[in-house]
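Both complexes below contain subunit A, partnered by subunit B and then by subunit C.
Coming up: the complex of A and B.
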């Protein structure tokens, strides 16, 4: 607003009087414009988060969760080796899933962006198609594919390559990665695709014109310019993977217990809401810390600043 | 910049080999021919323009020379070497794109050094050549700016430096001045021309602006519908258009349809247009009775002197429209036989009193009118 005031010049007395600050009516307009967004943030983010934070210092008893102010829940969460190990494992699975997802999604996004016309529309539709079904169904389909009597084992046995079912296709960390990468492909592919799509083809030609072979065009032009897409995709997949618990449980068997399973258990079966809240806060804090540290390194601000540094 | 060092000495060929030779080049997009049977020789050190209306194939031709488009048939030779199947990154050409295509994520310095880095030029030489290029285009002090922190003219100069630093044997320019306002455009035209003279590189400049092409080029190729219509110096093109399209496209021209009447004299014919006999120069072989077009530039028309009998042709006509242009007055006039003529009269003292509806006697010098064969009839 202050720039508007300067632009109007000295003839506009109101603007001059209020120059440097915000006029009364402007203040109301600003407030009105911000209100819906602020309300949304309050209702869906601040209130639940505040409530979780509050509950994490309460006490759960057999009679229910009662208000208190104590840090017993946190002490238990941070000192019990089980929870600590689970936290490390969850973060590790989140990181590995993100990396694997990036490695599979980037080529898909790149090929998609290089297509044109109807073929591109069809391929995009195919990419979206699985996501019209439920997340649980998409996870569940891997059981009849990878199970002992599943499609893969049947196929290999019919060909005579193996004589008894391979037992290691399911219920291990590999199966978790497979499931998570598959379930969240779209969240990685789409932002990268959009970022590559946005690159001016003349830049690629200019790089070639200046003597860059295709490999260098990719490394020096396409990859840096699609980096914001890579980051926002990675951010989403990492957050989703770290908080996942259905896919790991279904596909990982005994090794599929994630930190989120622990949290869910506190609320759904152990009736220890206060402890569940504390575990939630711990996970959120750790994820936030990782994002801050990793964000410094890879420039996450680009995601939010629209690719400008 | 050291002129001797930046001469395209990289090409180990004799100085008499043309920079670019194009033989029988054709290119179609689906059913649409973009470039049809183009033959062209561009000498080393020439400032050569491809001029034509949009969609005439001039940009396609440029992109084929640069290696961005494949060709369907024919050959492109750079410094005598057939590069028809050589990819863009391996050709010793550099392009200045219409939108400049500066790398938005790199500084001015990184943009300019990009080509040399890809070629693996050593650190010391790279630094020296980049510095030279930067001072050549007067961008000292802007090395660490990002492209979006520069003005239009500065971006233009970065694009030039980025291309020229590689010492290309041919520099391709795809209407790079199109986005600039008139003042800056004129300034950049001058800059480009003097840069080309200093460096002695071959420039191939694509434009739809005839004024730009005229002002800058050693030679111009006029293109239409994928074909080259005429190649020549700006003067040749302007004074001796070879066909109706060139006559119409370059400058403001009266085009009068007629029939050849007297073709006995070499280089001169009479063309009858609606009963008026117009004496013309011609470079084409025209036979009696053949349809022809007379091209008569607006500015070649004048008002005939009042009293004396002139040896010049005179056409009686009635003014149907009058436009004041500053340096001249444009008169649209119609003769009794239906012949319409437009003339830019610079004799302001005499034209001042002429109004719409007045009768005028229009005249032109004996060698002002040019007759060309009418291929379209």
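Coming up: the complex of A and C.
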């Protein structure tokens, strides 16, 4: 719309205002262009979130949920040590998973970006291949691999490296990290790969010609230019990890609980939808706060600005 | 044979023709509302019930006897079943629900005059006359109308691998088997606040765990935390639990009778304990959401589920108990003992599942144990 307005000369603008046609038409065009996105945001984000917010101040019993306004759910969620501790644990697992994902995915993304032709296509296909199956299957598959009678233990015993199965391979927090990093690899690798691939190779050549050692080429050129991809991937993995539900339950053993599991229990076992909604809002608020604070430090706006600061 | 096929094809054509003609006529005369009504005569119903209620053989018996196909909606828990019923539109979305009687009867019946379910036309359920006396007492009625009818029963107890846990070990006669240090790292509970806390409470000497006080729950929590290292994991789903036992990942766990049946049929040496503190006994009842359009078809299904044929098939496939007197009489005393159909008469202590006084406190206790 602004382009159209600047393209018009002063006399044209007067003519347009007199006619009153193009301005209204442009407004309708703008409205039509914005409508699908706005409707999407409204239906899939604003309405469910608004409903969750409303329900969080209602009251639930086993007989159902009634719109009786009160803040009791929030008071309980914020003052009971259990929920505070679970929140810290969940955020900690989210942060560690993000860092581990970054450390494993960056080299993968870098190697992918450095390939060309058919080899690159095959490697990309291999990266995507596990994601053609469901999230649950990708998590469940670790049970026969890491279990007491699983593939790893059998292999090590066959080689004579161990004589008893290693029980600590599964059902602990380490197994949760392994599962989460595995199921969310693609969300970290892909944005970094795309960011690295966009880097002009002449910049790297020029740096090398000017005597920069590979370490400095990486630190001063590749890493800064791929930073938006790193942030984008980290953001996605962190958000997915803090809301994880299946992985801690299947791989975490007796300690396999995160905040989402507690929320699910309120809905599925306790019929306390109002309290479950309050816990959901608390988790969302804490995550949002972390993103705002951490985002200012790492320049998270670059994700949305495509690397332009 | 060819005649049969031709007749069958003709009947399908005629039925399909009538259904669509009815639907078309309804649209012309009464709009969309009548259109859905025309399809209400469809011979399938949607049922919210545990998957093990209708194993292959038992399903065939029910669907053939009733002439109705049962489409299963994924089942989560008694609480979720109640939530589905009470949710907006829930009383018309499903045709049949089956869940733990003691857990759901309160919210399902609701206040007098505000029942969420419709009364059965008992003239359409002749097989109900054959209910064992103990289950006749479990029929949920109000004002002379019947709203919930028991369909099957069962019990939960510790399952253990007889090749890895000696059957003569005294621990196998108690829920304590799941907490025993001898089997540290090789037992599993269910990831369910209610069932795990009940059995822990029973083991700690509470005769009625559902009424445990806050300090009792605290005692349960401390005990569970002290034994946490003994649990290999907490299972959530049927297949996961069966896999844990079959691979030897655990040697004993909180279990269901269909798990025992599945493991035994695959050659795994498994049996269940008869804990001295009490078996967890329950029965599941059928009820029809009050606005179901297919209540007549649903009543046919419920009647078929009360038949001796269904009861026998269910007991053989799932090891769950039939409520039909005729069904139970088809098993010899030895067979009854082997499957556990004599659970209520063999002298083992019984604890009937009931809703706790403060479920939220139970969820928090369970959460605190897991988070510790």
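Here are some notes:
Following the convention adopted for this analysis, the second predicted complex is superposed on the first by the 293 of 309 C-alpha atoms of A that agree within 3 Å, B and C clash if a C-alpha of one lies under 4 Å from a C-alpha of the other, contacts with A are read in each partner's own complex, and residues count from 1 in each chain.
Everything that follows uses one rule, which is that contacts are C-beta pairs under 8 Å (C-beta built on N, C-alpha and C of every residue); 3 or more make two chains touch, one makes a residue touch a chain.
Bear in mind the structure is a predicted one, so any value in this text is a computation, not a measurement.
Per the definitions stated earlier, placing subunit B and subunit C onto a shared subunit A by superposition produces no clash, and the two fit side by side. By the touch criterion stated above, A:225 is placed in contact with subunit B alone, subunit C being left untouched.
Set against each other, subunit B and subunit C touch different numbers of residues in subunit A, with C touching more.
In the superposed pair of complexes, A:63 makes contact with subunit C only, with no contact to subunit B.
When the two complexes are laid over each other on chain A, the CA centres of subunit B and subunit C sit 150 degrees apart as seen from the CA centre of subunit A, to the nearest 10. In the superposition on chain A, A:205 makes contact with subunit B only, not with subunit C. Shared-chain residue A:249: touches subunit C; no touch with subunit B. When the shared chain is aligned, subunit C comes close enough to touch A:143, but subunit B does not.
In the overlay built on the shared chain, the residue A:85 is in contact with subunit C alone; subunit B does not reach it. By the touch criterion defined above, A:272 reaches subunit C but does not reach subunit B. Once you line the two complexes up on chain A, you'll see the smallest CA to CA distance from subunit B to subunit C is 45 Å.
Per the touch definition, subunit C reaches subunit A in the complex via residues 76-77, 79-80, 82-83, 86, 106-107, 110, 185, 189, 191-194, 228, 231-234, 236, 240, 243, 247-249, 355, 359-360, 363-364, 366-372.
Contact residues on subunit A toward subunit B in their complex (touch as defined above): 200, 202-203, 205-213, 216, 220-221, 224-225, 309.
Per the touch definition, subunit B reaches subunit A in the complex via residues 66-68, 87-90, 93-95, 97-99, 101-105, 114-115, 118-119, 162-163, 166.
Every residue of subunit A that touches subunit C in the complex is listed here, in rising order: 62-64, 80, 82, 85-86, 89, 140, 143-144, 147-149, 167, 171, 249-250, 253-257, 261-262, 265-273, 275.
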